[in-house]
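My structure is below; once you've seen it, I'll send some questions.
We call the chains A, B and C, going by the order they appear; numbering starts again at 1 in every chain.
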Amino acid sequence: MTTGSKRALAPLALLTAASLLAGCGGDGGSEANDVTVWMYPVIADPKANSAYWDQVEKDFETAHPGTTVTIEEQPWENRDEKLATAFGSGKGPDVVLLNPDQVPQYLGNGALRPVDKAVEGIKESFLPNALDALTHDGKLYAVPIYHTVTTTLYNKRLLDRAGIDKPPATWDEVKAAAPKLKRVGAATLDYSASNEATLNLNFYPLLWQAGGTVFSEDGKKAAFNGPEGVAALTFLTDLYKAGAVPRSALTNTNIFADHPLGKQQVAMGFSSTLADADLARKTWGAGNVVVGKPLRNAEQVSFGVPGGLGVNAKARNVAGAEKFLAFMAGPARIQSLGKASGFLSPRTDVTVPSDDPHAKRFQEALPFAYPGEPSPVARQLMALIAPEIQAALTGRKSPREALDAAAAQADDLLARQR
Amino acid sequence: MTAGTAGERTAPTPEPVAVPGPPLPAGRPARPVRRREARVGLLFVAPMLLLFVVFRFGPTIGAAFLSLTDYRLSGDWRFIGAENYARLLQDDLFWSSLGVTALYTLFFVPLTVGLSLGTALLLHRTVWLRGFFRGVFFLPYVTSIVLAAVIWKWIYDVEDGLLNAVLGVLSLGPVDFLGDERLVLPAIAATSAWKGFGYSMLILLAGLQSIPREVTEAAVIDGATGWRRLRWVTLPLLRPVLFFVLVIEAIGAFQVFDAMYVMTAGGPVRASYPLVYFLYDTGFKFFDFGYASALGLVLFLVVLVFSLIQRRLIGRDE
Amino acid sequence: MARLRLPVLLVLVALVTMTPFAVMVLVAFAPPGGRTLPGAFDLTRATWENFSAVLSGADVTRWAANSLVYSLVSVVLILLFSSMAGYAFAKKRFPGREVLFWSFLATLMVPFQATLIPYFVLVSRLGGVDTYWGLIVPTLANSQAVFLMRQFIAQLPDELFEAAKIDGASEWRIYTTVVLPLITPVLATLGVFVFLWHWNDFLWPLVIGQSSAMRTLTVGLATLEGENVAVNQVMAGATITVLPCLLVFGLLQRYLTDSIATTGLKS
């Protein structure tokens, strides 16, 4: 869910009583004992999301009398544009929910401060991957409060119809399944190539599965146009040309409902969330939903990130902000947030209790979750790669040409960073 | 507005850019400028003057200055001379966005001027419910391009859209209007033309109504009918107005952004990624304010060229 | 037959022009999920459900309030400042008058998008991001309004003002009791335009309103669309957005259409 800016099933959660009262953005509350927080629709249902964060405000203020917290709900849409301009104009929130790829970008702008103090003594309880992803130069810049994971989701009805008993788990099996599914009028692999869709759920997992990386080791050059990247894009374009990736992939964003996977036009998705699986259970029927391990080629990997709370370098109330971080990282909050959002625990000593039938399968996928390579230009880079992938899909460029073109632009972009 | 009153008015006074307004009142007898009057004048101008200095003149000079720096969001900047401009010349994205803008203009201007002219001619010859039809044609103009884009995005939808439903009835399609590199610009141009043609229609209608009745009647007596009368009598007389409309629409087309932002996000393969979208992304996605300002200056120059051509040609016609 | 051709053509073009509005309304009233043809066009199943969904979920009411504030405050201030300036430019002599007036007009040559970046940098440095003043004040420097006012006031005979002056009225009194009543028609026309420009404005509110609470309805509509809310709800939102424009249009169509033909006003 949190992984993709467009993944939001909860667009209507934009506004709640909280943000209404807060009035103008980060301007709310100038007293130093107030902490403003920018939160996003981590809980897909807008009403549940508002209710949850309202409750957090109350619980926190009960636990810490004298410190008030104002949680403003923001949409995923254009969040970097908003956050960067807010930081730049000195109007940013005190605390903000961050994904690992956002950290280096705002760190580069001097907008974040280390938050190690907030997790003093409990640091060892977090998943090492989760901490690593949010740590730079030995300092932690966001305290993980949940962990997401994506994995493969299969439509058993379509597989059965095509006579496929074993859900395709590797690239070769996907390729082999394509003609069989085509005979029964179904596509094989879902994909979203819209400019607005995050590559973390689309091209990057394929690249990582091929054994490739987005950046060179020192982070100063593009590496996604190596042989692994070309293999990944060739895999994708071959499927697309054969009709095994839906035609509408070009304009689709990472949305389940109303799109080919949700509408049962395609047999599998490789970046599905628990929320997707739950939705599938409702629309396809419980018996038709199969959750698998992440897709495998040279590597077995899928996208999954910790969501962490970071603190604005210009925060007026640092002590209060740190109190809030520690509060949210406590077992009670991690369990309640995980239960409400369907996300997993970032702590090894806390598990989110769940009666969701698919939760266990997603828990099993967690060890394969990879948060991506940290870079201050991660988001910008996507804007450069996405159109080139479209060009490869439409056949205007070969996979190699498309990736080389994107890499040339990426190198320019990286060279301009100081 | 009846034909009579409109006929008394001359062709539209185009935007102030194009044609200077009437001369400033110089009618009063020459006498020393009274200090009191000067003070009152300045006081009355003061609020607007302050706004213009801060929010118009300032940013215009600021644009030129920023384009020579590498100003970042954080506020630090270095003076880098013409580096942004050198980079721009070598930037494929810049050239592609400029190309898309030009191509879009080529689709949009004929489409919208054609629509405006067609409806203006229709209205001009209509007596029956003219005010009503004029209102209907003008209605889309009072809405926002965002609204138009939202509606038309659904109309063009490859699976559920109205247009493909119609094509389906004719056993055609489905056509992915917004997903096809060749169709996306004409499709967006059609949306913008629908939204905007009412404006030029009114200008052209006023122009038509300012053509003296005797001229067209004389043509009728000479035996010119229908198309011939239009081609050889009406259009030549309408030329200055038509030209004004062409340039205005071209200037508007070069600034296109909203429709693409809502309908395609610039895709597919940047086939609908125009100059202003590139400027917006450079500024608000890449936070590269210096470079974005240089792009803004390019836009300014293009619009300036259009305006100068307009001034020149309209001046010649008069 | 030939006599019928013109009206038939007119009606056809009118129908095509109105079709997008018609589908917007039909889809907005269609039952949720009924986005495909011909299901969406079954009027017996019309429902308000999409409207209540979009109104309760997203903050459409807040956006509408923002749009109203943005549009109405701008209308009042632009009418006030531009008529004051127009009066001075038309009827008062002061040093630099010509230069000032023409440099106001010259700013029309600079497209807004070209100066978007310095504009934003300036307003954000002044702390105007995500505030009403940051949204409104920079848009008040409107040269078309000043131009129109000056042209109109210049046509009024000087004697009208001289008489008041002889009566010993102060300049401000002359402005409020003589000038303003005389220019009511142009105030109305310009007011309608300024309202529509601001109500439909997109790029500036998009960059200056950072939080959802500071969005205008037009920007909000674009984000609804971007967030992939059900099409039925987006269309319900679109219908709400267009209502004030239709209202203004219905009431003041004549002002609008006449003034475009005579002054070439354009956003």
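In this text, a contact is a pair of C-beta atoms (placed from the backbone, for glycine too) under 8 Å apart; a residue touches a chain by one contact, two chains touch by 3 or more.
The model shown is predicted, which means the values in this text are computed figures rather than measured ones.
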Practice prompt. With contacts defined as at the top, give the pair, B-C or A-C, that has more of them.
Written response: B-C
Discussion item. As a test of understanding: of all chains, whose mean C-alpha position lies farthest from that of subunit B?
Written reply: A
Worksheet, complete the sentence: CA centroids of subunit A and subunit C: separation to the nearest Å works out as 39
Fill in: Computed distance of Cα centres, subunit C from subunit B, in Å
16
Worksheet, complete the sentence: Going by residue number, subunit B touches two or more other chains at 75, 159, 284
Discussion item. At least two partner chains per residue is the criterion; list those residues in subunit C.
Written reply: 120, 125, 207, 226
Worksheet entry | Sequence positions of subunit A contacting 2 or more other chains | 85, 88, 196
Practice prompt. Sort out for me which residues of subunit C touch subunit B in the complex.
Written response: 6-7, 9-10, 13-14, 17-21, 23-24, 27, 35-38, 80-82, 84-85, 87-95, 97-98, 100-101, 103-105, 107-122, 125, 137-138, 140-141, 143-144, 146-147, 150-151, 154, 158, 171, 175, 196, 199-203, 207, 218-219, 221-222, 225-226, 231, 234-235, 238, 241-242, 245-246, 248-249, 253-254, 256-258, 260-264, 266
Worksheet item: Can you list the residues on subunit B that touch subunit A in the complex?
Response: 72-75, 92-93, 158-159, 176, 178-179, 181, 264-270, 273, 281, 284-288
Discussion item. Quick check: in the complex, which residue numbers of subunit B touch subunit C?
Written reply: 1, 6, 9, 12-17, 21-22, 24-25, 27-28, 33-34, 37-45, 47-49, 51-52, 54-60, 62-63, 65-66, 71, 75, 118-119, 122-123, 125-126, 128, 133-140, 142-155, 159-160, 162, 165, 194, 199, 202-203, 205-206, 244, 248, 251, 254-255, 257-258, 261-262, 276, 279-280, 283-284, 289, 292-293, 296-297, 299-300, 303-304, 307
Worksheet item: In their shared complex, at which residues does subunit C touch subunit A?
Response: 53-54, 56-59, 62, 120, 124-125, 127, 129-132, 207, 210-214, 223-224, 226-230, 233
Worksheet item: Within the complex, which stretch of subunit A touches subunit C?
Response: 6, 8, 11-15, 19-20, 22-27, 46, 72-78, 82, 85-86, 88-91, 196, 253, 255, 258
